[in-house]
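Below, each structure is written out as structure tokens.
There are two complexes below, and they share chain A, which is joined by chain B in the first and by chain C in the second.
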Partner chain A sequence: MSPDLERTPRNLLVSERSSFLDQKNRISSQLDQLHFNYKVCVLLPECSSAPSHLDSALNTFSSFYLIRKLPLYELLDTHFLETVRHGGVSGLSYRTRLDEDNCVALMPNGRLSLSLDKDSFELLGVEGKPSRFNHRTKSRFVVCVDLTDSSMAPGGRGYQRLVTGLTSRLPLKTDFLMSLPAGGGASVQALLSRYDWSEHRPEVSSCSLTDLLCPAPLTSDPPAPLTSDPHRLLEWLGAVHAAVSCENSSSSFLSSLVCPEPNKKLSHALRVSVCGLLSHQDVQKLIQEIRVYLSVSPPGSASWASVTLHGFVDSPVSWGGEEHGVLRGGDNFLSLMMFPDQSYLLHLATGAHDTCPP
Partner chain B sequence: MSVFMDLNVNYTADKSQLQSLIETAAHLGFSTVAINYVFEPTVKKKQEIPAPTAISELMDPLPVVQGRSRPIRVLNRLTIVMSDASHFRPTAVEYRRFDLLAVQPTTEKLFHAACMIYDVDIICISVTEKLPFFFKRAPVNGAIERGLVFEVSYSAAIRDSTRRRYTIANAVCLMETCKGKVRPLPVPPLDLRGPYDITNLGLLFGLSDGEAKEAVSSTCRSVVLHAETRKTASGIIYTVKSCSDSPPADCKSRLHPVSQSSGWLMVNE
Partner chain C sequence: MPVSEALVRAKIPQDLAKDVGVESLGRTKARAFAQAFLKNSIRQQAHHEINNMLKRKALILGYARPKKDKSKRNRKKAKGLNARQKREMKIFQIKPEHQRYELFLPLHELWRQYVIDLCGGLKPTSNPQLVQQKLLKADFHGAIITVVRSKCPSYVGTTGILVQEFKHVFKIITKENKLKVIPKRNSVFAVEINGFVSHIYGSKFEQRASERSAKKFKVRGTIDL
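Let's turn to the complex of A and B:
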């Protein structure tokens, strides 16, 4: 038995081609289904600096909070639950690894998902089910609670059981990232005042690239359909965003990645990334601004733009609130290639331990 | 999955080198390491089993694991390289000072004894040379049923191409014999590698993705728990009522020693 070394880790890639002008396009709902966004990367060809409206969209992403050593029973605090019931509050445990530790996610629709190891789950004593991604032994369990449900109202049986579990049986404390709807800061001041917290703005970094090799069909006018394998296109895009050389020179063994053929050299391009706990509204707004930028650009300059949205690797949930896992990697990302005629090419990708993207 | 563990960090007398190894392990993402004291008894002269250094003397405070907020956990482990049955003394008091116990058998008879009888946690398989014996399914299955695990070291595979061939060949042979039931602990004596790198190396040994990852996490956890049980639980006393109306004094109790440590479990029928 010789191991099949050419077999790469299993991944799922869904590709879709549509147009923003098509009534039936699902782009909005698809974007909304990736709940926890860590990074958005934008690549603009033939552009050395972002135009002002785009720049302001990039720099006005909403801030988020980092609360250190938050005991989880605080998420069931009566006042906090009121805020959760209004919707829009999302949170994720920070510096917890999905395949090693206990991870927590609070989705904007009020669902709380706890991904626990065996010992923690048995201690907590709340109903849950084994993870879909257990290998042979059941070593990971998932507890899903709908905080907006009537049984989770303060005083309800489900609520009492969970609060008792989190206070006396399994007093979990974790660093917690939280994103609130606009104007929601005041309602959680009481919670924040009890712990060490800090407010952060998503970090923006931009880089102007020169002499960038890019697949030729993208640069033709109108852009020709891409015949190359989507995996190779995404590999090239990933290499550009990760600043990995695509020259495949004989003197370097670090990277043998190349730009898909046929390719063309761009004189300059702009690469921008925003990192943090990003909200859907900000991402949708950014995409809108890029659409406007493409439509008003003179022909022959910007013939395409790419936006890649990365989900958190250690989030217990990914597409549509379904369970997410980490085997050798926990990628879940979305890559949107936009064109001036308002058409787009969308790629939704996940790793081995994940459900199929929508 | 559980936390990543490296249960074979070779002990060196050089304290600063050991400290830097533990720091490297914490930096790579291992949450637990075990310092391995290798003891190779020879017939010629009587040797003392080394006494483990207390962890608090070794390093205080322990470094925090990268990406998490807890410090690394350090255990002590004893590996006995056996060329004779007398080398393993089950009643030795010195073994109790170690958290984990491992044997490295060098003959087929000792391998069989280690799998079926010896009260240990890990059986080390040396894969850098051609083994003098073949793996038989019966002792391997016996070992698995008892909760033992097999350990395959990969450090030589990293350094030397000839040894790499032997390592992969022997490891694959072990997997084939046991039809994937064996869950090895690939761990390096000296050169530490990250847990995901070890997972990838496990693929070369014929493990699947899930098995390779388990080898660095869940399997290690079960070994540590097995060791804790071995050290604490030593016997079962169960009482049987001889007849329903007679007073309690007539109840018989039976003593079943499992191993000669302290502590007994009471079970009533």
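Let's turn to the complex of A and C:
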């Protein structure tokens, strides 16, 4: 990276190399710890159109709900709490900026996390902690409540306090994205019927690329261990997904990103991205399908595949339920590079206001 | 001394008289002569001179203060008890049997009447500024106050009748007959009368109730908690 960029706030990158066949691989737990997934980007080399089973996997991502102006005390509704206790319900406030507005996140394990600014916290009156990423003055506070706890049963003291807080003292209303486990749609019908809601499917967009430059170690057979800097590899990957040209021609001033040397030209490549509130099961299934595809494809054609999983920038929690903040960009993502011999190269990255990924 | 007297009265011997050249007189003549000589020697004071010597002034001989009335001495202003005595006597502590919300409701009614009279009848058309000015100097014992915002989240939402106001705390009694002590600092209290809701920023209100009526409030610092 250029020396000027080194003065930017820090970012963390954890790289891991392992194999799916290894007993001790932590890939599934690492995938599960990124609770709120916004986007999955897949890059398949030497492939012009998605094979059918992969296509079906991409198109069968489960849908999610968007509820407009949901008052937050509805999340403490008795019926909804029953559904939450069964597990699998995750929700996030939509279009609330983490450093300015109040944000809400409901994790699949039943923990509700509210990231509030100072005035809202002082009005709400529920115990909370100052955010870890306050610089000098305490301007943001985090209230974390475990909805499966006994004190949060309806009628319990904690429940009562939170409900009175959210009804009379701080009536927060946000747009809410909610993703339910399979078959859970019926139980929240009562809740949904009271508000303006819509169901969305994750958006799939695919693009076929030609003449793509890619780093040579990836395409050798067997793929050589990447000696290049993971930062440069991820930069190249991001440039491909963002459709930024890596030619670095002297006439274009938009970007000076280049593919890491040594590089090789690919004739075809397929780039697919899925956007929405994605659930873990769907992502796991997709990775499974790509592993199958890599193992059955003829040698020489597809020697690697890359999957990048982006988390929400404005989510109050990131890896493992730890607090997440936005300094200049709240990126937290996971990049998985898979090879035909079932080994993988995993990068977990976060920005400045975040804890270290697992 | 009889010897010297005798000498004075003794006659001078004859031979000594001749030598000195004096002549001694006879006894009666000597006596008459002595008396006349003495009378001439003493200066006679005239009457008016004696009168002039009299100043005719009153002369103070003795000096005795009149005795003050002892009973007046003990009527000093009562000094009052100092803080230790107050704490020992526990005069400001409300006994548990007196800590009942219902007992303080008449006080609240009195306070409402007081405030309504103070603000000249709280009509919906009254100027809020005027009401605010009066409330700044008013006494709040008996008001129902609610904590609206606080740096400490567990104080938020407590409501009750104000029983005692000290320099830094409010003591209120809640509907559950609990006496709660709420520090004034870093909290915002709401007082409601007849539809007028006033927010009191406790950090700026840290004076004794008696001293607050004489204090001028200046706009200083921030009202952020």
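By definition in this document, the second predicted complex is superposed on the first by the 352 of 358 C-alpha atoms of A that agree within 3 Å, B and C clash if a C-alpha of one lies under 4 Å from a C-alpha of the other, contacts with A are read in each partner's own complex, and residues count from 1 in each chain.
One rule holds for everything that comes next: contacts are C-beta pairs under 8 Å (C-beta built on N, C-alpha and C of every residue); 3 or more make two chains touch, one makes a residue touch a chain.
Because the structure is a prediction, the values reported are computed rather than measured.
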Q. After superposition on the shared chain, which partner residues are touched by A:A105: those of chain B (first), chain C (second), both, or neither?
A. neither
Q. Which chain makes contact with more of the residues of chain A, chain B or else chain C?
A. B
Q) After lining up the shared chain so the two structures overlap, which partner does A:T164 touch, if you call chain B first and chain C second: first, second, both or neither? A) second
Q: Applying the touch criterion given at the start, work out whether A:M338 contacts chain B, chain C, both or neither, answering first, second, both or neither.
A: neither
Q) Taking the superposition as given, does A:V283 touch the first partner, chain B, the second, chain C, both, or neither? A) neither
Q) In the superposed arrangement, does A:V126 touch chain B (first), chain C (second), both or neither? A) second
Q: Applying the touch criterion given at the start, work out whether A:L294 contacts chain B, chain C, both or neither, answering first, second, both or neither.
A: neither
Q: Considering only touches as defined above, state whether A:D175 meets chain B (first), chain C (second), both or neither.
A: first
Q | Touching both chain B and chain C, residues of chain A | A | 118
Q.
Going by the contact rule set out above, which residues of chain A touch chain B in the complex?
A. 1-3, 5, 9-10, 95-97, 99-101, 117-118, 135-137, 139-140, 175, 327-328, 352
Q | Parts of chain C lying in touch with chain A, wherever the complex brings them together | A | 148-151, 153-157, 224-225
Q) Which bits of chain A are touching chain C when the two form their complex? A) 118-119, 121-128, 161, 164-165, 169
**Q.** Interface residues, chain B side, partner chain A - complex
**A.** 1-4, 31, 67-69, 172, 175-176, 196, 199-200, 203-206, 209-211, 213-214, 217-218
